[in-house]
Amino acid sequence: MHSRTGSRPASPAEATLNEIGTTRLEAFSDGVFAIAATLLVLEIGVHPANGHQLGHELTRIWPSYLAYVTSFITIGIIWINHHHNMRAIERPDRTFMFINLLLLLDVAFIPFPTRLVAEYLRHSGEGPAVIAYAATLLVMAVLYTIWWRYARAGRRLIAPTVSESELRAIDRGFAPGLPLYLLVFVLAFFSPLAAVILTLALAAFYLPSATLFAER
Amino acid sequence: MHSRTGSRPASPAEATLNEIGTTRLEAFSDGVFAIAATLLVLEIGVHPANGHQLGHELTRIWPSYLAYVTSFITIGIIWINHHHNMRAIERPDRTFMFINLLLLLDVAFIPFPTRLVAEYLRHSGEGPAVIAYAATLLVMAVLYTIWWRYARAGRRLIAPTVSESELRAIDRGFAPGLPLYLLVFVLAFFSPLAAVILTLALAAFYLPSATLFAER
Amino acid sequence: MHSRTGSRPASPAEATLNEIGTTRLEAFSDGVFAIAATLLVLEIGVHPANGHQLGHELTRIWPSYLAYVTSFITIGIIWINHHHNMRAIERPDRTFMFINLLLLLDVAFIPFPTRLVAEYLRHSGEGPAVIAYAATLLVMAVLYTIWWRYARAGRRLIAPTVSESELRAIDRGFAPGLPLYLLVFVLAFFSPLAAVILTLALAAFYLPSATLFAER
Amino acid sequence: MHSRTGSRPASPAEATLNEIGTTRLEAFSDGVFAIAATLLVLEIGVHPANGHQLGHELTRIWPSYLAYVTSFITIGIIWINHHHNMRAIERPDRTFMFINLLLLLDVAFIPFPTRLVAEYLRHSGEGPAVIAYAATLLVMAVLYTIWWRYARAGRRLIAPTVSESELRAIDRGFAPGLPLYLLVFVLAFFSPLAAVILTLALAAFYLPSATLFAER
């Protein structure tokens, strides 16, 4: 990965061509985040029902709403975070782009276990459904941590204008993610509903806590 | 939420990192608006029919077209408005981004009740279908009002170049939204079809009226 | 529509706020074009079949491929054109944004009649299916012509740097659209397959011909 | 295609209007890449099953996961590459935009054969399913090669700041694509599973090898 061209461009033109800007990486990432979040609604459905029971049916499918809100806010928070942290990155290299791609692969997968939660929560099968959901989020937390560690190690991809204290603030923001999603995963084996509610709580309370970390 | 770093950056670098620009917030929002609007078409379908009856079937499903046009124009108008009002915002804070996320969550949900309207309007079940639709739009109007009030209170997030008269013009644009969508919601209990048509009329006439407000 | 604020801004700040840039209009339009084109693939499906017949099934559904390619290239060409013509626009007003929204509403609708063509071409029902398809494209051509006429009339929204000869070149590009899509629509009543093939030919040959018009 | 206006603009204004920037071409392309990748998840489904068997069902559908990961990484790699190579392009002409459109048409089609692989791999019908998948990727490799050859021939669309050695580096990156996807296509007739795994390996190992080529 160590590249002479990369570290000391032979000419301004090469520098231009080799510098992989963050702009299109962000555009593609934004696209995947926005599309994954918006596709979630397709997972909500009422079973073809007699119209007379539609009112009842619309309340009966509350797990669909819970799953939708949980996944939408989770994806949105990851997006806000990704957006925030990308500003510390000066220029992604190919390895970073690949890690980012794996992260997006996992984020784009979220609608599938979301549908499982929507369909099986409070019915038989809720165990495997929520375990699959929590596993997807845990993999996301692992990949996102690798994403940051790779960029931050030895300030590999960090812009020179970013101070060490700012990096430590971002570190503090990452610290709780992995253990908390591990907790969700373990909880899924014992109480699927509690695991989903904890996931929602994590997303809903992430913003204020992130502000807290940043202000220290 | 009051942050020393936010109000008086310790260094130019921190200022750069802490300033959450509006660019990617707009990109994500634009994405969700565009995708939600474009996904609406997936909700239109003909029931697997004998080909000989397709012509008849295509006219029979007029509520699908009405629901599609109403939701598409409504999302489009919210988008144009969001776009217009974002230009008064200097820099979003995390609370604002969270409110914006909830607003997008509601907008991205619109395809689901749109499908309900498409399927149940003029059949038994049209009541709950249109109530769910109107409730989604009412929540949207509430969140969007909070969105603006939060940014505007004490000019919290307003760019210094924006004049008070301009803020009042935007206020006038927001004023009719909440009561009108409340009216749609109430109407849904009495005449579902009228509620949908009023929703379409609101969207279709919003632009001229918004221009009216702006010109005063 | 005549607005004092619009035509002569009272202050630089107001000018900034009132000027609705083309950037986000293009972003939203690009989004709808890209999503509508990419959603087309969801309309292709094989009927749940015995695996042994999959090879046969994949050739039997050729109308799906024809419909997909025709709609994708048509949307792509409209997009390239929209992109080209937008560069002559200095700043959109609200009426223009509304016309643009109606144009996008029609473009985003294309996946529905595309699915009808995919399912019914060469079966009973192909008549209504292709008529619906051709009608959608005809409405698109009408709206797109209005879009340009509105912007061009009296150079209402045209950038001062754009010469009259350039405007006439764009006019020549628009000239054949409406009559040709009208021809497709009429043809759909007599030969649905021929109408679809003509639509594909229009899109495939549009680029060279557009270059032709531009070179004169 | 040779255009006087194009090669020697008559005025700065015409130059502005005629110059088709790469920005919106990239935006549309990014959109299609991101949407196609994110739509892949819709192809994964569990057959409506008794909840008690959901855990078993979720492991039984491993070909769906394999197909999802393979297609997502493949589309992502094409995107990173497209992004990388676009930076050598100074300004696309209409022919290039059309070739790009055909490339996107093929990329946007990938979710369909991906679903076939997900459903039929390890069942009867896996042959035609993987052949269709490999054929789609082969067409992609052919179109992408044409895309580059057209831009590169006589430096037709290449920015003057890009050196010949940089062009040769991109050439080396393109060299293995076509023969390798041809190999996948041939392999699909003998061992469908091996063909899918080779496709995944190609995508997963492309980045390091591309770096290798670039460093020489």
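Letters A, B, C and D mark the chains in the order given here, with residues in each chain numbered from 1 onward.
Here is the rule we go by: contacts are C-beta pairs under 8 Å (C-beta built on N, C-alpha and C of every residue); 3 or more make two chains touch, one makes a residue touch a chain.
Just so we're clear, the structure is a prediction, and the values are computed from it rather than from any experiment.
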Ask   = So chain B and chain C: same face meeting same face, with over half the numbers shared, or different?
value = different
Ask   = For chain C, which other chain has the most distant CA centre?
value = A
Query = In whole angstrom, how far does the Cα centroid of chain A sit from the Cα centroid of chain C?
reply = 35
Message = Averaging over Cα atoms per chain, report the distance between chain A and chain B in Å.
response = 24
Key: Multi-chain contact residues (two or more partners), chain D   = 27, 31, 35, 39, 42
Ask   = When you draw the chains as points and link the ones that touch, which shape shows up: line, ring, star, complete, or other?
value = ring
Note = Counting only contacts in the complex, chain D reaches chain A at residues 26-27, 30-31, 33-35, 37-42, 44, 46, 49-55, 58, 68-69, 72-73, 76-77, 79-80, 83-84, 87-88, 161-163, 166, 207-208, 210-211, 214-215
Remark   = Per the touch rule, the chain C residues reaching chain B in their complex are 1, 3-5, 11-14, 16-18, 20, 24-25, 27-28, 31-32, 35-36, 39, 42, 94-95, 97-98, 101, 104-105, 108-112, 116, 120, 123-129, 132
